[in-house]
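Take a look at the following structure, please.
Read from first to last, the chains carry the letters A, B and C; within each, the first residue is number 1.
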Amino acid sequence: MFLKRNKNTNAALNEFAQVVEGNSLGKDAWRRLKKNKMAVVGMIIVIVYSLLAATAMFLPIYPYDQIILDHQHLRPSFSKTAGELMMETRLEDLYFKAWRAGSLVVTEEQSAQIRKWIADNETNKVWDFCYTEGERQREAGLFTFNSTDQRTIDRLQEKIDTEFLISVDTIIYTDLESGKAKNLAKMEFKEIESIYANLLKVDIAVIEKQTLDEISNQVLNTLKAATPGLTNEEYALNLEMEMDALGEKGIASMAKTNLLGKVKTTITRSAERDLRSEIRSGAVEFPLNREITVNEVLTAKVSATKKHERQYFLGTDYSGRDMLSRIIYGGQVSIAIGLVGTLTSVLIGIVLGAIAGYAGGKIDFFLMRFVDIMYGLPYMLLVIIFMAIFGRNIMNLFVALAMVSWLTVARMVRGQVMSLKNSEYVEAARSMGASTGRIIFRHMVPNSLSVIIVYSTLRVPAFIMQESFLSFLGLGVQAPYASWGSLVGDAVNGMTLYPWKLIFPAIAMTIFLFAMNFFGDGLRDAFDPQSKNQL
Amino acid sequence: MTKYIVNRLLGMIPTLLIIITLSFFIVRIAPGGPFATERNLPEVVKRNIEAKYHLNEPMIQQYGRYMFDILRGDLGPSFKYKDYNVNYYIANSLPKSIVLGSWAMLLALVFGISAGIIAAVRQNSWIDYLSMGVAVIGISVPLFVIAPVLQLFFAMKLKWLPTSGWYTTGEGWKTVILPAVSLSFAYFANIARLTRSSMLETLRSDYIRTAKAKGMKSTTIIFKHAMKGAMLPIVSYLGPAFAGIITGSIVVEQIFRVPGLGKFFVQSSFNRDYTLIVGVVIVYSVILILMNFIVDIVYAQLDPRITYK
Amino acid sequence: MSLNPNAKVVLEVKDLKTYFKTDAGIVKAVDGVSFTVREGETIGIVGESGSGKSVTNLSVMRLIPSPPGKIVGGEVLFEGEDILKLTEKEMREIRGNKISMIFQDPMTSLNPFLKISTQMVETIRLHEKHVTKQEALKRSIEMLKLVGIPSAEKRIQSYPHQFSGGMRQRVMIAMALSCNAQVLVADEPTTALDVTIQAQILELIDKLSTKMGTAVILITHDLGVVAGMCDQVCVMYAGRVVEKALTEDLYARPSHPYTEGLIKSVPRMDTTKKGNRLFSIEGQPPNVIDLPPCCPFHPRCIKAMEVCRHAYPPIKDLGNGHEVACWLYADEATKAKALAEANVEEKAT
């Protein structure tokens, strides 16, 4: 028994050969955290979410802002493509109409049931029933569509079979005289301008004027979105200021983007024309990658996919955007706001709290009076007013939330600093002649750090909830950007018809908040086992 | 005691002043105005309207006029709903919000405290895990998710309760249940967790050991000896809880279409209805400040170590 | 101050074992403690912090927080009945009534939210159901007068925070004795108090217990207190009683090296020569988790032998009830046998 103990020569032993392990607070906390299963699961989920959010750009998902109006409100499906779902929806509708018109014959009871469903507003059940019953009868040969309906179906089928999406990846310009090839995106505005003018065979001056007009319009529109409700004169004045602020360079780069877009559109159109005739002849296989040449000087790498072969695992929203990618990108926004917002508010809180606690006296009094008054305020109301009036963009949202959420941190840090200031070991350090800086950074900061870390972790879900709360009210993140809150907010109307729009973002958000709370609770218990399960 | 109350009531005045001033200027500093959207108004008409609402005066003069009106108890005319006074709107919608909020608070307190105590007393039993599990859901799931999900399930699928509306829609008290329950959920959760932890901590304290050594029954110990001490953190939590319920009612009133103050608030913010916004903020703040005041008094009543000074 | 062997035994603790389950292992906080308390007698339990004195007495009251603590063995006989076998309800009738307790920290041991009157009246009425509120209040006031609280009629309506520490401990004593308890367990009643108040409180306990015929178990780490008050002393170390004797015996003939060290480490005005350093026992008490079989004191013991490192010493009676657990008093045969057994065991592992 003794021998076995003594083998471990590295560990410190006491007189009884009992192993005496040195323990740092962090190590100890980590050991306790690892024991807490829920906290570990929470931590893993938080990490997975953060990775997903951080790598959203590289994930093989459809763009979150791509609107395909044909794909409105498609239900989630793992097996069926968008085209099949579109057809299904159309058929549901047609069968229902057929039932109404009396051409789809069902039993008396079934009719009564359908009427009851309609009265109860259970539209989904009606459609489901009509579809299954209709399909059954059509297969059995009991029912055929009239010619108009059949034509609608055929047209839809053709559309599903033939429509495709083209994307132009890179455009190469080949100089005819020197034979050099250049990437169009890397060329100067003036060069692109002349190429484009050549392409359209119009004068450069016309192009230039048109581009500038479009840019100023674009700036004006963003202005109007940011600060609504001004008079036209005020807008004109603001526009002038904005344009001045942009300067020559800024305008040139905007113009270049504008022109590149136009060139791309031209190429896309011509590619579409070519492809469509090829598809009719049935010679194309999708997905397709090829190079096409326009006007002898421009070559473009073009890829095309069938538009209605997409699969939406989590369904689509009201403008045919993929819910899966909206939820992932929404998570990106929510998590980023949660993290950055917490960080900002904690930093503000630490600085102000430490000043109040360390300086004491009048500074402390006024700062804390201010915090008290803010505490007594329904400050979310002020945030709502602020957002409603100063325009709804992510930056404003962020500023508004960070401005009001440092209060608790400031109070907490102040309390910590004040109690540590009078603690024996700080006094001991001071009596040994330690400088203020050393006392703060070697004694106070490390000793308050665990409290701050724990508080911050629990603060992140609260911050996300506040952001989502505002987004839900329509005051936060605006489309095409999304946050979990705005997704839920968009889904609330019509949730009986399209429940997936509500359920999936709600689940995604809830899981993250759950994980964050468990992780935070675990951290707190790990750092401070005395205060088990306190709020 | 009386002196303390008077002092506290006087102390509310600067807070209220700050709130009024802050909201008054926030709404006016921003570009655009309540009539900016009605662009096609002829200049003369516009000027007439602005004169009617004194918007053509310098900001300070408007502020002074507004403060004077408030002293008389007049919150001014609404800019958007032109024929009515802000007082009229608030008097109409405030009672609904108060009924909703009170129910939510009551539910949260009753169920939160009972669940917390049971969980603490039967620590590590299934009932502890169950109530704390529900509490974690309450804390993690945001109100605007809980409310539509409850609505979807209990009103639209099961049809036990009306989906929306208020007493007036003929469904009576049933209309209150879903909004009140969804609004109370988060606060139930927080109160249950707070009660549990503070009860556990109190039960570990020396004076509870003394009571045990005296041979007292555990139920007596809990209700006579531990209760008061364990309730202190809950009482101090009530202040923030009231504030949360006020903000939460904005969402709940939207989802369940309750014609309360919260619904007005968001609308008026979008409309830049200056007087209505500031009026609603004042009313909310007064409620909140009064609640905090009551909470302080209750706290002092509970804890004999606190003296009024 | 000598023990009367004919007095009735009120409380007898036999081989009591209380263990705590912790993350690091099982803590044997009390491991085979035995002692006897006779009517009217005062017994002192002495030991360093963590030696198990408080846990012993909480076990007697059955107030060990469980989990993690558990009484795993032994008997506690109160008036001949094993109270470890009583139901919770029967136990409640003993607590505060027949055995009562006062605690170390009077600042936190009284309920800060209830008036003194409430707390005292409830104790009396809890155990004597026929007593009316008025009577109980009258008796409480008398008790408070007895423990020396001035203007008790008025002060009884105060809250604990309005009393000083010493006064609160007096209230605790009054409360503990208000039901004519037969045994009073005083768990370091003076540790948290000022030195001047300490003497007053001890004197009060001594006076009242003599007057009421209450036996007292006095837990302390202060040998001076023991010398002044107790008839009998148990010295505890690492969860076990290492020496047990009449007070005079113990001071005259400290037999265990630990007791000897303890007594020597008390500063004395009469015998210590100027310039001599105060004696101190080197080292720290052991962590009682997974203690190997050995005398737990051996690393700090100046007289340690080979056998001390390998087996727990047997208890030896030195006469007149003076018991000691030390290898110094064992005969050679026992030592040799113990050593041999330990060697066999070691080889096996």
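Here is the rule we go by: a residue touches a chain if its C-beta (ideal position, glycine included) is under 8 Å from a C-beta of that chain, and two chains touch if they have at least 3 such contacts.
The structure presented is a predicted model; accordingly, all values stated were derived computationally and were not measured.
Taking the mean of C-alpha positions as each chain's centre, the chain lying farthest from the centre of chain B is C. Nearest to the overall CA centre, using the mean of each chain's CA atoms, is chain B.
Between the CA-based centres of chain A and chain B the separation comes to 30 Å, rounded to the whole angstrom.
Between chain B and chain C the centroid-to-centroid distance comes to 54 Å (mean Cα coordinates, whole Å). Each chain gets a centre from the mean of its Cα atoms; for chain A and chain C, those two points are 66 Å apart.
Taken together, the chain C residues at the contact with chain B in this complex read 61, 63, 65, 91-97, 100-101, 103, 105, 108-114, 122-123, 126-127, 159, 161, 172, 175. The residues of chain A lying in touch with chain B in their complex are 120-121, 227-232, 234, 373, 375-382, 384-386, 388-390, 461, 465, 468-469, 472-473, 475, 485, 488-489, 491-492, 495-496, 499, 502, 506, 509-510, 513-514, 516-518, 531-535.
Of all residues in chain B, those touching chain A in their complex are 14-15, 18-19, 22-23, 26-27, 30-33, 36-37, 39, 132, 136-137, 139-145, 148-149, 151-152, 156, 159, 190, 193-194, 196-198, 200-201, 233, 237, 239-240, 243, 246-247, 250-251, 254-255, 265-266, 269-270, 272, 277, 280-281, 284-285, 288-289, 292.
Those residues of chain B whose C-beta lies close enough to touch chain C in the complex are 204-207, 209-217, 224-225, 228-229, 302-305.
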